[in-house]
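The following pair of complexes shares a single chain, subunit A, combined with subunit B in the former and subunit C in the latter.
Showing the complex of A and B:
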């Protein structure tokens, strides 16, 4: 580790890169937060879902249809189906156990390994990358720094997802069921809500978001079996900082971590990876419920 | 990447288990007994294994990265092994015996490499070992090899500290059983500094992997520039973790510092990822010169990342230089077989088999100590040229740097023009000047 640069130069590209890193973190963290907020399940396999989204997108765009957007939708939906099947086949059986939290943790961790090894079996252990869609694959030069225009698309889509989710949760009938069930599952059940189906639906939605995050990130990173492990840790930091169960918290937390990841190397040449952890420790010490602690906000 | 520190931790744990199981006895006596018994068993195994036998095939054990971010290196080494194996076996074998090679995956992990090496020696009774792609892994493996009393010919991992005798520097782990037939980081980076001498660049930066190899590359480069009197300022450095999927924050940080030139020891899929993302960020328009110290290990095979033309790269072996009959015929035959030029990892592995052949035939035995004696100070000639294994068991091969140029005939990037710098002990020692870094040769 070297001495920190005393006068770091922060360019517009650093900010755009930070926000795009934050955007992809938001897409994975908001699903993680939603599932925890409603189902009370801390889904360790969420990083695997993100990775799977990237792989399916890569596979579709290279071997099925040469259209990134269709491939991204296919990636997100495929991961949603995988998530729903996992919830239906395994996690659902654990809700009423005495040590449900521990059992859920172990089962979802088991799926981390299953997804990881499946990906290795199907696609090998090497890494893959694809170009951004042609229409956005050009460099933007602003203030002496350069970034790929596709990053702006990812940022825009993350904001669109935030707004859509907020409208969905606050303005739709299904959203009111989700909010009601997350507040009091038994009461919702007594009022006729089909809680198991609702849970599967929420798990599907959370998984789709993770898959979408992986799909949209595929052109910005190399995709390898290590991807899921890397991103799940960052996603946990995001939801701890933002507040478990809070959508706006996930957004703000993700953008904060994204900016730390982007600007960290300006201040410290090695070990900048530790800065988000430090931020998490500070939040846990002084505001343990997170910056936006609460459910369904 | 698992560092040697973690291995120390693991060893302590294993010792701890033994002590826990022997509460009623003197744990020290028990431990000594087990150590002695273990060492005795190891020696007995080595003695009654292929080492003492003179019939049946000669069996060698190889460890490379065959999965993950740097699997391409292992695949290339496997080609070199296969090529040498058929060449040797089709021409009378080693003293009339066929050679067999058991190749194992280290997964770029020191723990895995150590398990594989122990298994190769203790279960597969190999006559000798070679391989290794990662400096961090090599540093952890070297002391284990001494414990197993089995010669190990490193063919790729470049840290100078494995051929720097233990005690010379705090990180030195060299010992009589560890040899290297390829050039070390100390030799390679000497060539980088000589290249820097010729460039119109004053401000230098680096982006390298966040483990020993990345830091050592930068330390040696600065020391050589200082020792050779290169007018250079070192203005920025970034060390992202291995297998980083997104280098853009680090790239952006280097671009903000706006150096004239950058030396990068990124390798494997990390290099592929870096080059793609650096191109997107306008790196090669803004930075005048980029020096890739591990670039040509992945450039020939189609799956690798072609380095941008006009930039500089080094190689531990060049398929066109030296222009000798041995090198030319190796290149032609290899190309005919695999339709790509031989990378340095293929050549290093290829040569390891020939080094074992020479040592076994000269000793008339496959006994480990006899092989160690033969390797010590051995003179050898291969595609890489003529060289000897130095006092510290390091091959006195040249440092090779050149300009990346696409060659129509071979449909591949090559180094042209290319320079070979003599990188023997005296040259390196003088170039390191007042630095306390070891030459490793």
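Showing the complex of A and C:
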């Protein structure tokens, strides 16, 4: 097949869908990566946080205020509080253990089960969906294909989050504390940084981002208790490919996986779901720091 | 005053009971129990068989986690490897085997061939996957095994070779052995229970031998301090690779048994959530003990069963295990076995001598009389109950000391340090 005949196969809609899938993955992966970069904790429950954000948003929008944006903020903040409580009550106890990494992974896996079952208990096993906010709920036709305008909003917001996070980490005082603590916790502590509080703050921020991801994708997907388990694996792939601890890496990795999910099935019918895992294995083996290793890059 | 008196009486009673528990009597009692259970209610037979299979799965997993400190989130692929090996042989090769051995015992022969093929498959996967995975440690090892497991899951679902029947999985039909006079249905609850008991006991004994061999001792040394083990001349990576393979084979045996029990080899076996069952069982039971995964599997299945008796709670059993997992890791890493040993020490009064010190040192020290009192079980546990319990107290240094003194092997040159204080776990 010659190249020109390939081009029409990739509709613009597919690209937009891929990027919007990537955007939601970015919002969960960047929080996961931030928490790992600073605290050294691989938060298995991050997919659960994402799901919780979607559920809280749905609940608020259907029974409290009929405003999607307010509901999304409420969802994100609620998840942030849940994350901060988990860090404060459980994960904090493990930092000084010798095998802290694995203990933290197992404890956060415990929270995967707890969050999953709590969500099922509160909202049931069924799936929910909502319409995008009215302002953006229209179809865009571009190059012969159509997609919902809200997808563009999600992509724009993901880029905005990346830029503001980057500014926050590199240009603010709190950001410099985060960078300092991430590179040398003991030294930061000796220089007067309140490390435990900073850790809780970073965990809060990472959780808010996951909640925001869930909230913003609520109109794009059906929300069910299985969502958290599905999305955490994708997020693991993203952070590994982008580099654990790297925010720009999370962005590139997320967009890559998003595009693969959207376009992949058109090119490779068999084995398309295996490819992300194969990529994960290869990156872990040959470049464990990821394609874009390091925090704040 | 009266409280002390009661305590004394309880201890005296406990000691009297313990005196009767010679290894022979204990073993005899266990054997009688196992035989009697076969004639119990069908569901109980099924539940216990299920427990034995999960116990073996967790035991294999813990060879890697508890003994070399590598947490795998991909052992489901070996569970599935054994299961699919059996299922595919039963589906495709039954006539061939029947031609060779005759129709009468063909089902049993096919089962054995299937098991062997399953384990061969497991080894064929574990050798390269293990070789690659042990290059990484800690979180990265967990992630790469997760990725390999999910890679296997994707391949089984998409079935490029046309062998695994996609998401539906492969049905397992065990058939009946025809001995002329009598016909024995292999998949019958009691027959399969007997088959499982024999296989699991034999495999567990094999694992026990491995763990208590010089090889096992080296594993423990690596867990406690890879750097130190390396300095003693141990090829840490090679050793982890070998342990990975042994661990995969044990899990593969559990997988073969699982396929026969569930009558299907399904792709869910490779999913990370199946691998997580081994993690849950092992951590709840106590990863530092040989019997930890077994007790953990028991707790897992029987509490799940108990919860399922209450229809309103039934759907939410995972919540309980999530909370239990968190509580165990946060507050009592010795798990259920550690709790039982502590309870035994309290009842028998052993705990007083050590002043609440039931870490590796005191267990190892009284392993002599433990062996005499309860069939050597506690003593075996004690040999791997090394610095883990004490980890929290000290950041580093001398962690391997307890283990290295309990056995010879390549680590015999390490200085022993039994007097080092352990973290009291009398909470």
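In this text, the second predicted complex is superposed on the first by the 283 of 297 C-alpha atoms of A that agree within 3 Å, B and C clash if a C-alpha of one lies under 4 Å from a C-alpha of the other, contacts with A are read in each partner's own complex, and residues count from 1 in each chain.
By our rule, a contact is a pair of C-beta atoms (placed from the backbone, for glycine too) under 8 Å apart; a residue touches a chain by one contact, two chains touch by 3 or more.
Model, not experiment: these values are computed from the prediction.
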Which partner does A:149 contact after superposing on A: first (subunit B), second (subunit C), both, neither? neither
Can A:281 be said to touch subunit B (first), subunit C (second), both, or neither? second
Contact-wise, after the overlay, does A:273 reach subunit B, subunit C, both or neither (first, second, both, neither)? both
Scan A:240 for contacts with subunit B and subunit C and give back first, second, both or neither. second
Regarding the shared-chain residue A:159, is it in contact with subunit B (first), subunit C (second), both, or neither? neither
A:14 contacts which: subunit B (first), subunit C (second), both, neither? first
Subunit B/subunit C common contact set on subunit A: 120, 270-273
As the complex stands, subunit A meets subunit C at residues 42, 90, 93-94, 96-99, 101-103, 105-107, 109-114, 116-118, 120-121, 229, 233, 236-237, 240, 244, 270-274, 277-278, 280-281, 284-285, 288
Residues of subunit B defined as touching subunit A within the complex: 67-69, 71-72, 210, 236-241, 243, 245-246, 248-250, 252-253, 255-257, 269, 272-273, 276, 280-282, 303
Which of the residues in subunit A come into contact with subunit B in the complex? 1-2, 5, 8-11, 13-14, 17-18, 21, 120, 124-127, 129, 139, 141, 145-148, 220-224, 226-227, 230, 261-266, 269-273
As the complex stands, subunit C meets subunit A at residues 69, 71, 132, 135-136, 138-140, 142-144, 146-148, 150-151, 154-155, 157-158, 160, 272-273, 276, 279, 283, 315-316, 318-319, 321-326, 329-330, 333, 391-392, 395-396, 399
